[in-house]
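One chain, chain A, appears in both complexes that follow, with chain B as partner in the first and chain C in the second.
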Partner chain A sequence: MHISEGVLSAPVIAVGWVAAAGGVAWGLRKLQPERIPHVAVIAAALFLAALVRFPIGPTSMHLTLLGLAGVLLGWSAVPALFIALMLQAILFQFGGLVSLGANTTIMGVAALTGGLVFRLFGTRLPMMLRAFASGFMAVVVGTVLLCAALWLSNSDFRGTLPLIAATQLALALIEGVVTALIVGFMARSMPRLLAS
Partner chain B sequence: MTPFRPFGAPSPTPSGHPLPQAGEGRESASCQASGIRHQSGIGTVFFAAALWAALWVGSASAHGVGSEGVSEPAEAVRFFYVGGDPMAYAAIKVFSPADDKVAYQEGFADGNGRFAFVPNATGDWRVAASDGMGHRAEAVVAHVAATGGEGANARSEKNTSAENTNAENANANNHAASVRYEGPTVWKALLGLSVILNLALLAQWAVQRSRRNSEGAAHAHQ
Partner chain C sequence: MSPPSIDTSLPAVASGYPQFVERKSRDARALLLAAAAVSVALVMARSLWTPWLTALILLIALLWRAKNEEKGATKTLLRRLLPVNAFMIFLWVSLPFTVAGESVHWLGLDWSRVGLHLAALSTGKANAIALVFMLLLTPLGIHGVARALMRLKLSPKLTWLFLLTVGTIHRLRDHFATALRAMKLRLSPDATLRQRWDGYAAVLARAFVQSALRAETLQKAMRCRGIDPASGALPSFDTKRWDNADSAMLFVALALAIALAVFG
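Then we have the complex of A and B:
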């Protein structure tokens, strides 16, 4: 889901940076000081998740943990994502620094959607199911935004659209399962983190 | 049905009229001469066309297809994701040193992320790969003219500017690629973790200092 340099058009890059700056500022504003270590741990997990790759068809994917970040951090997921994506771009060339704003916006909105899905159903659905939906929807929303950014940049991805859909659907399922397992584990071992 | 015609009778023309006989008049004779000249002209044209076709059979077969081996040296580049996975079947555009806008060649990498092309000029050739999912890599191949002798295709890969991916020279020649993939080492990951945790510590320290200052100011005020 990392967009490289030279792919996006200038307006999309600009809009991405403006939205990312707003999201990071709002996320920092909503961040309670005592939760800083909590955010740092999730940012570290987001940073390392991209290194966990697994093959899907002719390509390979990596975990994003966007849904989990949204569930655990809410708005604070945006600054955590910004830091993680910046370090990934600098150290591993995952995405570009110019497109960092767009990447932060895409994944930030995806993470917020994941958190919203988790909270939206409240107690009406089992927690594991909500966590699965959160991880699944985060990837789906992220993929839609990614395609929108590419489309607005006149990037011809129509030929790879079926591949994108297939691989991202598989990734969404995997993310859903991983999110459900982690949230299930946290609900048993440290429910205080989920309640916050 | 064709009517019976005795031997020696004048043969009819295609339209059914008998051919003019000797002494039938100057107009008839003139007509006959004209017809003969006309037939002769057509024959000449046909003959010329046949001769032209025979002489230019090579160009006439340009509508056909064929194949032959190519001895010009090719340049090959391999594109891969950071982590080592190939950019399988990535869309490739090759830009010549003379034109950086219009692609010299377009195509797709193979399943191993490799793409080869035959440059028609020396200079820096830009090869861009895109997987259609936002991942894009570029390689600049410095193509140098062959200096003669077997395998003397002096060449070098100048640099590969990789965004989400890297590219490496995968030509069978013995010229080592100047840029090779350096995998995500544990040290890089540890460095990233260190930066994140240090940022958190810095933020925590700043918050505590701010609180201490505000508490000190409140005590001083009292």
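Then we have the complex of A and C:
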């Protein structure tokens, strides 16, 4: 879901940075100092989880676990994703530092949506179902924002948007299933992780 | 379906062990600001030659530097350009056929001229910007970037978050790789898709649970050492200070950025 360098226009990059700065600032404001090690370690785990290749037919894809980030970290997911994306840009050239603001905004909003979906239904729905919806909706919202960023950067990209959406839909389903399985495991082994 | 795997090529700079002695280089802030200025100018480029020529010059410079570094540096450099161009391949196979307008007939297909131009422009910009960062920031390493964040007076919470994340990655990565290898060995070849997915999710979930436990230990260790992330006090390992050479380098970078923005 990373947008590469050189694709976005200057106004979209600027708006992305402003939105990301606001999100990161708010996330840091809400982050209690004693929770910093917790968020940092979860951010490192998210960074590594995104490197795990999951085979699909002849190809493979990387997970994003944005829904899980929202469930586990809430608003702290935004600075955590900012750090994880910065490291991925520096270490692997995934995304990039100029498009870091836009990527943080897209993924941050997606993670917050995932967290919101998980908490919204409270105990009315089974936890596994809420976790699936969280993982699924996070990728769907991220894809909508990604397509909007591309379209706003250059309307000539509109022909490629259905292709991007189709590949991301497959990812959304897998993310939903994997998020549900992970949350199910956590609920059995360390429920306080989900309660926080 | 084969079991999932993890990229094992985590660069050494993420080893989690700070470089206590800073290598002789420019001030991290100067390098970060210079890279940002040139990159923003490249984003605004409209003609094809500006990003492509910049990318070519930078690639030659980096290959020259790699030649004088340790064995395999050239291969590493080229391998790092692969992720940059993965999305570009997608643009090359989609844009020439989805963008409306004047087309050219070649290899039995109708290619949109505007689509080809957009794909070429995006590819040039993506590679040029990636090469700028590789030239200026890669020698700094992760801890150099952390030093730049400190010196730019960003939020101490953000810098602590960055330092602790970097410090944890290497250990967690080893845990991930071992757990995935163990799962691969334990899985029966006749395992169902559901069993494989369950195993995969269990590895990830266990990593998160262990991460949370490790975070609690880390928090206690920081408290025992009297470290308070909210106080703004940050560890300082560096001796490098901004000097005239840093100012000169930043001046040249800004002049180049202005030239690229005006003439590109």
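What to note about this one:
Just so it is clear, the second predicted complex is superposed on the first by the 183 of 196 C-alpha atoms of A that agree within 3 Å, B and C clash if a C-alpha of one lies under 4 Å from a C-alpha of the other, contacts with A are read in each partner's own complex, and residues count from 1 in each chain.
In this text, a contact is a pair of C-beta atoms (placed from the backbone, for glycine too) under 8 Å apart; a residue touches a chain by one contact, two chains touch by 3 or more.
Because the structure is a prediction, the values reported are computed rather than measured.
Superposition model on chain A: chain B and chain C are shown in a clashing arrangement. Once chain A of one complex is fitted onto chain A of the other, the partner contacts of A:L91 extend to both chain B and chain C.
In the superposed pair of complexes, A:I13 makes contact with chain C only, with no contact to chain B. Within the superposed three-chain model, A:A49 lies in touch with chain C and out of touch with chain B [touch as defined at top].
Annotation for chain A, partner touching more residues between chain B and chain C: C. Of the two partner chains placed around the shared chain by superposition, chain C is the only one that A:L181 touches, whereas chain B remains out of contact.
Contact with chain C, but none with chain B, is seen for A:L193 once the two complexes are overlaid on the shared chain. Contact with chain B, but none with chain C, is seen for A:L146 once the two complexes are overlaid on the shared chain. By the touch criterion defined above, A:N154 lies against chain C but remains apart from chain B after alignment on the C-alpha atoms of chain A. Among 20-28, 38-46, 146-154 or 164-172, the region of chain B with C-alpha atoms clashing against chain C is 164-172.
Overlap of the chain B and chain C interfaces on chain A: residues 2-7, 33, 36-37, 39-40, 43-44, 47-48, 51, 53, 55, 83-84, 87, 91-94, 96, 156-157, 159-160, 163. Within the complex, the chain B residues that touch chain A are 81-83, 85, 88-89, 91, 111, 130-138, 162-166, 184, 188-189, 191-193, 195-197, 199-200, 203-204, 207. Those residues of chain A whose C-beta lies close enough to touch chain C in the complex are 2-10, 13, 24-25, 28, 31, 33-34, 36-45, 47-49, 51-55, 65, 68, 72, 79-80, 82-84, 86-87, 89-94, 96-98, 154, 156-160, 163, 177-178, 181-186, 189-190, 193.
Interface of chain C with chain A (complex): residues 1-7, 10-11, 13-14, 35-36, 39-40, 42-44, 51, 80-81, 83-84, 87-88, 90-91, 94-95, 97-99, 114-115, 118, 121-130, 133-134, 137, 142, 145, 155, 157-158, 160-169, 172-173, 176, 180, 197-198, 200-202, 204-209, 211-212, 214-216, 218-219, 222, 228-230.
On the side of chain A, the complex with chain B involves touching residues 1-7, 33, 36-37, 39-40, 43-44, 47-48, 51, 53, 55, 58-60, 83-84, 87-88, 91-96, 146, 149-150, 155-157, 159-161, 163-164.
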